[in-house]
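You will see two complexes here that share chain A, one where it goes with chain B and one where it goes with chain C.
Moving on, here comes the complex of A and B:
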């Protein structure tokens, strides 16, 4: 009796229930109770509950998938009827030691309100003093984005009242910015969506210098704390033309701008740390509708745009654009009109945007040329110098790695992104030390494997932060040369790397001598003898290999492993051993 | 014609003796056409102000006035009388501006400030490679690809000697810990 129940394998009945537990008996006693068992019930009406639940879940799943597929296809159809247009304004903090109009320190200061001068707090009577140091990163940024530098540019005031704006206006360059008409090319490798197969050239309308505001912290709902360390810090605002047409492209654009700015040392902190912020302008129009009236800076035929402010991560840009696109499409499809308003997006509800300010709340900035600040004149010689000495952008480095060093795109990308580009420099150092005295082509691909993957594996398991001093470049180069010339086997090389990684600073030659890692090649007779011995010890496996079939390759590997084990640690070469085994066991195939 | 022979104009200065010497004060006869031209003023600064009737009707509505006050962060007037006075002043100011706008300025660039804009002055202000060399000298080239990184520790920074709270009496009331603070009413708080 109990047997039958335990055959059901999941249900344990309490002690009092051990009576006659046949289905018929139970049914007679309590007709409503269901029989919980996986054993086949003789009575067809009493279908096991578990099976019922399973069937219900399966039906639900198929329905949901069908529903999702339905919504997916209908959404794809909807999207194909609409064209999305996005323009992005990026604010990036410049990498300088002083602020824009005062020589207060712009470095990070953990003490609040400790690095400001009177002009940063708009103390009455204080005057702006333009700091030439900001021109270095600003011009590099503009040239990296292929802009035309204006020999004369002017500063304007943008008026609005807020507690983080001490003067009541922000100094910016609205009418005459210092750089105009740039461009940025996005390729599919930059992470465009699957739809965007071609390259996109995004025009940059202008780049302007402006001041940053102070930092606000909400202490409670009635009090804000203000820290003026950041007030007056130099920013550049990069305004793009509305040439982006998908959320993925928008995120890719921001990502690429950040990587370019970082490569030319124009900014140091990224979006995650607040050094870069993006505001996006989104509009939609029907693909076949030429009557859309709005235009922006020469791009005509656009729908009404809305602005989403203060996005602070790449994913946020993508999600916000997508949410706003969907909202605008649904409004227009329902017959409504999109209003030109300012909206906000937050991580807590990524699928929607909230209205911050409507047209009636639109701020009138009353742009006005600043009379206290003289125009900014930039000489041709300075621009030529920066153009000539411009640091390479990631694209150029990728190109160099793929052509000169022969690496794959993925390996190149990894080298560029790891450890702030220092892993790349280490790699180049290692390669430069390989075969310096001969005209031989350098084994750069092998070197990349060692620097990226082997060293990377050791770092991960030891949870260490990489530094170029862990394994000296010369040691690494010597190791690679030895391995390439087959003076040590692969496994020995890995062991050697481990020894170096653990802190041994002696030369590689010394370590090889000490640990006896040199590979002494076995003769063919020695291989034959070893193979024969292993086959003799494991007849069953040998027979399986001889017969062939499904498991034969596994058995072969087993025999190979036995050879490696018994052949002396650094003497057996795997490939050769496999060949010898093959020839011994299947002489006809050879 | 009568310059030499006419009598000098007497000037009586109370309490002093007037010496009857030949004086430079001679009557100058003007060409009658010029005299006629100069006798009547052709323009008065009074034309820049609105006449009494025009001043009473205002072009600015109450709503516009409130909007302007909000933009300037000024308080809305409390009494109707104060508001009327404000509107009247504003109206006269607008009239003034309209009169000034009657001048034809096509093709002219607005004057922002009076500066020395001679060629020499501009060359002096221009930022050249030599002027920026001190900052370029403290940068470091990293690696062999031409990457440049600014060296943070090397620059002379003057900037952290001023205490922003130390601006007169009541220093402690402006602080909350090391921060400035702002109390706000949640409804009035405007999203930036």
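Moving on, here comes the complex of A and C:
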């Protein structure tokens, strides 16, 4: 029976116009508009994106004209008297092919309302069917964040009314989440603030599975259009302990969580595409004040906190925390009291947070165990399996590149960050084809130079997008071996790479033969002879070198160039030639 | 007495006092409408006694013409002349497997409203599992029956499409609720069997009030997929019929695992239940005939004087069965409440003495948490309902929203719309549930009620000789000590059916008290059936004296409950005579 719920059949839910968003076009395509539209609530947060961006630009201009008075000069002194505390809730969309409680596709590129099953639309009589597949990314995420996986967890309903919440409640794990007690270590390399400690260990209170909401799109002042494709998609919510004490650390935490989730393939998109959203809880207290009476999950002595919801970029996290900290400090310094409330942050008014609702207006979510969904039992063997097969997180990879491969930290970072990790895989592939010897530099270091810098330069020049197929890994390895064995010179090797990069698929040996790139080393006598010839032809320069002084090194280079030119292709090794020249043109000893 | 007789005449003219011929025709129309279903149309109409919200129709509007009906009847006559059962119209009609379904089961061809204005015009696009199975076995859904809005009520008066009544005028009496429409469709003879839903007694109470048989199986045995939930953890699919035999026949069809329902009993659990019951039978040397192929009594002819049970099995097996197995029957002290109507108490005693005469052992037992059960039920059910009904906002389906119910400037979102389209009782229970789940009240209400629920379940586990087959630590001693019992027999309701005009002055709480005997089995998820009690031979049985007896069994012991009811209660001559006197089963 369930298979009969194919896309578009149910209620014939109309689709968004994909390109043409004029009201006329929408009317044409949406015969039953009421199914999708609701009249608008007086919520300024829902202003159209274009307007938001315009407002942001305007606000930015105004701020610049005003000379940015927002940050007061005595701030540094003021700040030293206050301690900021931040806890963060991160919502991340899991990388799954189905929704949390239905077989509907969780692809993001579907037409609006094309991938919704009855349960995702809260159709009467439909029931949730838990999809075990969502456990794969969820467990990876929880293990990567060093959580304890709970053998038994439960689902609860969290009630509130909103257009994007078809059932009137969200199914989440409030009382018994599937993962608890994780941690994440931040280091200076993660971009901590100057006031932060060297490393910060951020405790993760819990990770819970929950449903995503539908997507709302403003059509005009009176109408919102709703796309239920996202409704019911599996999310994890990662709740940190209040262990962060600077805006920079807050942003670093979110950035690091995103990179870890991405590294273990738990999520598909990051903040930039809306795959990750953060709510921050901010409180301040005087540094010398130990009497603050608020607490959160075992962390005591905190000031009254406020929550800023729905931050969608790292910069927004940092800016919002900073702005809220400054606001709370100025309230307290003026003798006021910080209210426990929910605040908003928007592009259109950078630098300030805005009150959304106070404590008295706080929604009572009326959590209730979902009577249709049985508890989730996760077997120990499953946890062990995912633990064993967990992809390494960036930190482990960095460590591996620095120690095992002997790369510099900058090169390691570059390899990690490039091309979504495929460059790193390519690099490892190339290295695995090289043999190890005791010669210096190590082959892995040399390979990094070729993969990262030489190939990188070609990519930049050609404005080409990276692909591991551009230069076959075996060809690259052959090239590096030839150079290591001094069978071709550096310039020849570069030329060879250029040829390979341009798409020549012949074997490296073949190309070397064809292009006559092989280096045949000269004897010492030949070097002497060549050097003598060049010196004879360029007496003036040779004298200049002999005399020493400012211009001698430039002249030496000129003579070296002449040697290379006269020595026949690919035979002269620059280093050797320079040695010979230098010995012949020793500065005149007095 | 004369006054009562007159009331009968007024209430049920077609059935009781009009000529047999006209009764047959009336009955024929109803069935013919369903049989001749080649050109189905959706017709919104409130049937006789308000039993239906929507019915399949053979292509005419109800008010249109009698002429067309007559032609359908003639067609039917012609057809019946050729059929195997030509002698009597009745047989032809009985042969039709026509079934009525409560309006909270989603159907593809008929709208599903749950008797609420908020779902006016909603037609689901997937058949509920129950309706799909019914059609797969060749049954025709005659229509969707009226009910209390979203199942909230005990008298089927809270419907946006008009109340259901048993009888007419000032003597009209309550058909019970919330499956009152299904019960009346059976009692009126429109269908032989109907589907209802039972959350806290919604099938058993109407059965008791209309003199029909109503069965609520163990939680999870029949799929709830496509049943619009009132309180998910309590909702079960119920069956109403004229006799237990038919209930059992349909139950065996519907008793299947359904992967689409996450609360459906899984095959492994069904196996465990089966094994536990088989072990118990072997231990005691019982030979119950449980898995035999039970046939519908209304399919095919049967000889005069035969009971339904006799029809459906060979006579020697029947004899062996009825003489072979004597049960220990529990009578809980806590159910003998002061508020019980004398008519009900007498019927209870009569039934027990009849069973004692047959050799069964009557055992006084105690279920100490019975009193708390009703309060717990009215905390848990509204709490789940307030959550389940949050989805009705008019955005995706149901009655469209208009300007008067649009979001207004005060930050209200759906309040106007929901306020306008939900009925009073629904709003009351949503508020009740919202309160009991609120942060301030939850620990004192919702959490406590869940504890009471567990205690009620323990009460039952303590008295049943058959240990709960799915709980690891309950007794599996299978010993018949002095204190344990096989089944429990209690009345279905504390009073006979009330008159509708008497309901009007009732407070909601008074109306909730009606469920006091049915709620404990619901909280514990146990199988329970309501059958008409044996009649008092000295007083004529009249519809206002209907009393239902409830047989409750251990979780998973559904077939034991059904077999006991059909052989040991219905199967007695005493009972059969009583049924002859009941108007709704008067045979032509």
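Here is the rule we use: the second predicted complex is superposed on the first by the 437 of 590 C-alpha atoms of A that agree within 3 Å, B and C clash if a C-alpha of one lies under 4 Å from a C-alpha of the other, contacts with A are read in each partner's own complex, and residues count from 1 in each chain.
Convention: a contact is a pair of C-beta atoms (placed from the backbone, for glycine too) under 8 Å apart; a residue touches a chain by one contact, two chains touch by 3 or more.
Computed from a predicted structure; not experimentally measured.
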Which superposed partner A:118 touches (first chain B, second chain C, both, neither): both
Touching partner for A:461 - first (chain B), second (chain C), both, neither: neither
Partner chain(s) touched by A:169 [first = chain B, second = chain C, both, neither]: second
Which superposed partner A:104 touches (first chain B, second chain C, both, neither): first
Contacts of A:421 with chain B and chain C, given as first, second, both or neither: first
Partner contacting more residues of chain A (chain B vs chain C): B
Touched partner set for A:161, first chain B, second chain C, both or neither: both
Partner chain in contact with A:226 - chain B first, chain C second, else both or neither: both
Which of chain B and chain C A:371 touches, first, second, both or neither: both
Partner chain(s) touched by A:127 [first = chain B, second = chain C, both, neither]: second
Contacts on chain A seen with chain B and repeated with chain C across the two complexes: 118, 121, 123, 159, 161-163, 168, 226, 364, 366, 371-372, 374
Touch list for chain C against partner chain A, complex: 105-106, 112, 114, 119, 122, 124-129, 132, 224-229, 231-233, 259-263, 383-384, 386-387, 389-391, 393, 395-397, 400-401, 406-407, 409, 411, 413-414, 434, 437-439, 442, 446
Chain B partner contacts - residues on chain A that touch it in the complex: 95-99, 102-105, 107, 109, 111-118, 121, 123, 132-133, 135-137, 154, 159-163, 168, 217, 219, 221-228, 263-265, 309, 342, 344, 356-357, 361, 364, 366, 369-372, 374-379, 381-382, 385, 389-392, 397, 400, 421, 424-425, 428, 432
Residues of chain A touching chain C in the complex: 1-2, 4-5, 9-11, 34-36, 38-42, 118, 121-130, 157, 159, 161-163, 166-169, 226, 364, 366-368, 371-374
Of chain B, residues touching chain A in the complex: 71, 73, 110, 112-113, 115, 122, 125-129, 131-132, 135-136, 139, 142-150, 152, 155, 157-160, 162, 164-165, 167, 176-186, 190-192
